[in-house]
Amino acid sequence: MVGELGSQFTPILYALGIGVLAGVPSLVLSRLLSPRKRYNPVKFLPMECGQVPVGEGRSHFMMQYYAYILMFVVFDVIAIFLYAWGSSLLSISREATLPMIAFLGIMFAAMGYALYLSGRKGIW
Amino acid sequence: MASSIIKKTTTATGFIKAIESGSKHLLLKRFTLRFPEQKLKFVGDGYQFDPKRGVGIAGARGRHILFHEKCTGCQLCAITCEGIAEAIGMVKISEKWKQNKKGIMPQIDYGKCVFCGLCVDACPFYALFMTNDFELSSFTKEHLIYTPAQLAVKPKYDGSVDIKIDKRGAWHG
Amino acid sequence: MMSSNISKNSENDPKINQSSQKNNHNQTNLKDLEPKNSDNFIDRSLNLENSIYSEISSKFTNKVKLKYSKSKRIKIYVEPEDIVEVAEFLKANIGFDHAESVCGTDYPDDNSIEVIYHLNSYSREDLSPIIFALSTKTSRNNSRLPSLIRVFNSVEYHERETFEMLGVYFEGHPRNERFLLPEDWADIPPLRKDFQIKGR
Amino acid sequence: MSKEYDREFETKFQETTRLGLEVVKESEEDRLMTLSVGPQHPGSGHFRFTIKVDGDYIVYCDPDPGYVHRGEEKMSEYRNFIQNIPHLERPVIHDSTNITYSYSLAVEELLGIEVPRRGQFIRAIASELNRQVYTLYWLAIYGIFLGHSTMFMWPAGDRELFIDLLTALSGARVTHAYNIPGGVRNDAPNGFKEKCLQYVKYFEKRLVEYEDIFYNNPLFRQRTENVGILTKEDAINLGVTGSVLRASGIPYDIRKVEPYDVYDEIDFKVQYMKTCDSFARAYVPFLDMRESCNIIKQLLDKMPDSGEVRLKLQSNPKGQPGESYKRVESGRGALGYYIVSDGSPKPYRVKISVGSFRNILALPHLLIGSKLGDMPSIYWALNYWPVEADR
Amino acid sequence: MATAPKEFRFGNFVASIVWLVFWIIIIVTLVVLPLIFVILFYVPLPYAGDEVLTPYLFFSMMVDPTRTVPIIDFLIHTDLFRAAIFPGFAYAAFIAAATIYIERKFLAKMQLRTGPFYAGRFEGILQLIADGLKLISKEVIIPSGADKPLFWATPIIFVATAAAATALIPVAPGWVASDLDVGILAIFAILGFFPLLALLFSWASNSKYPFIGGLRALHQLIAFEIPFILSALPIVLLSGSLNLSEMVESQYLFWFFAVAPISAFVFYISSLAELERVPFDLPEAESEIVAGWLTETSGMIYGLIQLGTYVKLYVLAALFVVLFLGGWMGPQIFPQELIPNYTGEKIYNATVVNGIFWFTLKTFGMIMLILLPRGINPRIRIDILLHTGWYKLIVLAFINIFIVLTLIYGGIITPGGLQ
């Protein structure tokens, strides 16, 4: 079983390998063909619109929209759970949908509440 | 009161109108002027000036044309240009003209010229005009300096393309 | 020299004559320039300008000097110490609410720099066409003037520009700094007359 | 933006932001990121402003123009009145007729001359055409600033119509050097009137398309509506001009307020809006373009068929001692020249009061507290042309 | 680099080429060929048809062309071929290249321009090759302070990830590189990689604008991943399977677009966001943050990322076709026999060719639809994006899920079709 499933995935690995095979030679070829002039250190500075960079490029930087991120962490998983139910919907009994609807209801309520609160608190 | 209130549209109609307007243009003609193959037609033979009336004659301001038989070497064009681009210098010429006792004529550096045409306005003898030719690019700066002999040559410019407008939009043809 | 040209043209072209009578404020400028005409020339359009000046002069009797008053343009001269007061009066009582430009002119012969605030009004419609030039002077050696930034917010960048171009220090302006010139500029202020352009 | 956040910033920055002073607390400094926008930034032009962002919000802005400072005012003092024309139009080559228009008016006052009537009409037509050229260029850039590539290409293409007309009129595509003290350089060529009418009528049809794809686009509305509110009081205080002023509800147009040449014979309305946001600032130039088409039609209609267009001046005219201040309505608002003459053939002092330089004062005022994504829509709606501001 | 040296002489040039060819022949005959024979001696060769697959069979093609048919038949049914050439990467890359050309011409037409015009005789058809040559001959500049291994690796991973996604797309009956039972989940998993790669690259390049761009890519993922996943759920409900081929098979009566149009709309909008195309190109917003996470890219690194982006575009357009437009389903327009009375080995399969034709056609239609917003829309702002994703699209997606549930439980639709 495991081997069978594994063999199903092997073409994806092939494709990955082919992507690498397409990428590496072109980079190597580009490296061979292109000019390399290193006399000017300013050329290799990070982009700062023509100015000398101020501060670090990688910094502690926070966007305001973290409430969405927190909700995403929860609801993305739930959305994937729905697939497990959805794929077997036709083979399970009809009553099994009721708890699912209840689950969706809770999910919706929670999401609505979260959106409402974060909207009210002005997190973004 | 200005008519400054724009109609408020809903989101859907806004998108539909935008898509309609965009896709309508797929049927219109292309406006692009394909320059080296197509060249714009200009009014007349180039900018000229009538010193008697003190008014110019409409025309494109391309490179100059110098009429040797009229130039007196008075330097008025060079003096005018001094405050503008300093593109005109007077040089000695080998040929002899009766009206040009000093034997000097303008030489124009098109690397500096701004094509304002005020030198044409300054010339009182109908000697310096401008032509339609604007394709002056060259590989070296030296080639941009036009001697009086080069300036005397009437350039060939065969611009024939004009903007045309009809139901299928505007295009250069 | 020019008047001969104009008269010739007017005789030739009757259309021009008509038009110049129709829009007379274009023509008034011409006559204002000649002092002998302006004495006996009474124009309705100058009423407003005169009333503005009389209002100012009634408040500040000796402090302001009228430089000229022509169609839609008034210029008065104020000593530097009075300029803030006059400007506040202009803003509050007359209605000039913003400055179109601040212009400094260098006069090396008098050893003075003249700074002119061109004031205009958005809020009073009848004042909108009028440019009120409020001028003052400072010496070239120690050029300091009180800043009008507390009165007119709009002079901020103009005063900054005047500072760097003419070296007039505006007291009370928060940023008497370089603005338009290069960061490494180390010469005298460029709009002073003793700054020479290379080659001229 | 939420109310709380807004108020916090308002109280902090109300007094000092406009002056460009830094008021961020030391403890907050480490979480801010300093970004310089320009001079090599696709969203700035020849201009730099340093901003500091706290997450998605801009908390500090310091404009720093001057990258294209040419010293036009100093240069003008060394050239005589006529020779100043070609270099004075360099700051705004897309609006070069208007920037020499007010110079010519000011010099004409100093010289004491008046332009022949046909010359005045041709001048006004050239000025309107050139304003269209400028506004279309501005609109194209506004389109690409908001990521709308079609709105970049269409105005840039339609601009060619007016460039074509101006080429026929003056002989050059952008640097026309057409206005001159005493009139215009040359008369309009034959057939210009018909061509102009044809183009203007076609262009009026195109404007409807612009509205469909750009101004009525819901995404464009979302990007610009209620963004960067410049209230009427602020607009007056900051002394902004042109479309920025008219978008704040003040119908102030030099053509109406102080009509020059033949504008008092033309029947037109000053276009303005009362919403004070970026959308209004973007829409007023559009309305101006539409009105400008009407003006061009009227001007063509009323223009005398023949007559002088230029006074014959002597070659090196001397101004009478004195000074003059003349304004015209350019694409960016009032464009004034203050010229002092000492009686010599060269001006003693030339001061150019340009709309861009006045409008940029509103930039820190509007940017601080707004989102980083609003930066292009606020900045370019200010109708700012960096080269003109630097002079 | 490109200019010829001053002492260049054509004779020397030809002589050097001849010399080179001579040495190549020598090396091949003396080293490479013996090496091949040695390897062939030890490696057990597979059977193609009834013959052992050896290189000699290829040479025998010159004598009898029909003999190569079983070899080709064998080769095109290997996993490697499928992953590499036909339903997989090369096909996708070809469509991506076509997409780039079509996009440029299409946008140009809408904007009254000509678009690429001079490269190639006809309407600039070779423009892409010219661009590729330009990119490959440009210097790659790595900013100082950048994480060099990551900086080099990310573009390659980007292309590889896009290639992996192509392996899952069923193009014709039986023509899919990897016929996974959980195909749609696998695609979601792979597509979820791209924003992370953007973030990785922005982190690696040690610059401010890429950093903000990477964060924006992450926010875009957050805004649109859930509507994206939920909008595909009705299809899973309707087909009762997670396998993409089975989803297509279950649409033999009607396209699922007919029952799930709202989902299709949500899927379309979300895939625009997923692709970072124009209304949602926030991570690359050039007027705000120079070029977003692509600011520090140059030369071929940029080229590879663009290739990956357009392959990704193909994947999403194809996924839309598979989910909503019935995949390869379409009327049979190809004849059963290409050559009448042909009795040799069969390579032509009318059903497969028909499937490929319809699939490609629909995919191109979908690609055009994805390209269209670029011509008519400005860029959106990030808070509007998040708001749209969370407040509007999720709700819309759920509405369609409930519609489909009602239809199924109401007995109107069964997996067999309408009742």
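We just call them A, B, C, D and E in the order they show up, numbering each chain from 1.
Going forward, a residue touches a chain if its C-beta (ideal position, glycine included) is under 8 Å from a C-beta of that chain, and two chains touch if they have at least 3 such contacts.
Since the model is a prediction, treat every value here as computed from it, not as a measurement.
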Neighbouring chains shared between subunit D and subunit E, ordered by label: A, B
Central chain of the complex, centres being mean CA coordinates: D
Chain pair bearing the highest count of C-beta contacts: A-E
Maximum centroid distance from subunit C, chain identifier (CA atoms): E
Averaged-CA centre spacing for the pair subunit B and subunit A, given as whole angstrom: 56
Centroid distance [mean C-alpha coordinates] between subunit E and subunit B, Å: 50
Separation of mean Cα positions, subunit D and subunit A [Å, integer]: 45
Centroid spacing, where centroids are CA-atom means, of subunit B and subunit D in whole angstrom: 25
Subunit D: positions in contact with at least two other chains: 33, 41, 56, 78, 150, 157, 213, 217, 308, 311-313
Interface hub residues of subunit C, defined as touching at least two other chains: none
Of all residues in subunit E, the ones touching two or more other chains: 110-113, 208-209, 212, 290, 375-377, 382-383
Contact graph of the chains (line, ring, star, complete, other): other
Chain pairs that touch, as defined at the top of this document: A-D, A-E, B-D, B-E, C-D, D-E
Parts of subunit A lying in touch with subunit E, wherever the complex brings them together: 5, 8-20, 22-24, 26-27, 29-31, 33-37, 41, 43-49, 53, 55-59, 61, 63, 65, 68-69, 71-72, 75-76, 79-80, 82-83, 86-91, 94, 97, 104, 108, 111, 115, 124
Residues of subunit D that touch subunit A when the two form their complex: 2-5, 30-31, 33-34, 36-41, 44, 48, 55-57
Contacting residues of subunit E [partner subunit D, same complex]: 107, 110-113, 208-209, 212, 278-279, 281-282, 285-291, 374-384
Complex interface listing, subunit C residues touching subunit D: 1-3, 5-6, 9, 13, 15-16, 19-20, 22-23, 26-27, 29-30, 33, 68, 72-73, 75, 97-101, 103, 105-106, 116, 118, 122-123, 128-129, 131, 133, 152-158, 161, 165, 174-175, 179-182, 190-191, 195, 197, 200
Touch list for subunit A against partner subunit D, complex: 48-51, 54-55, 59-65, 121-124
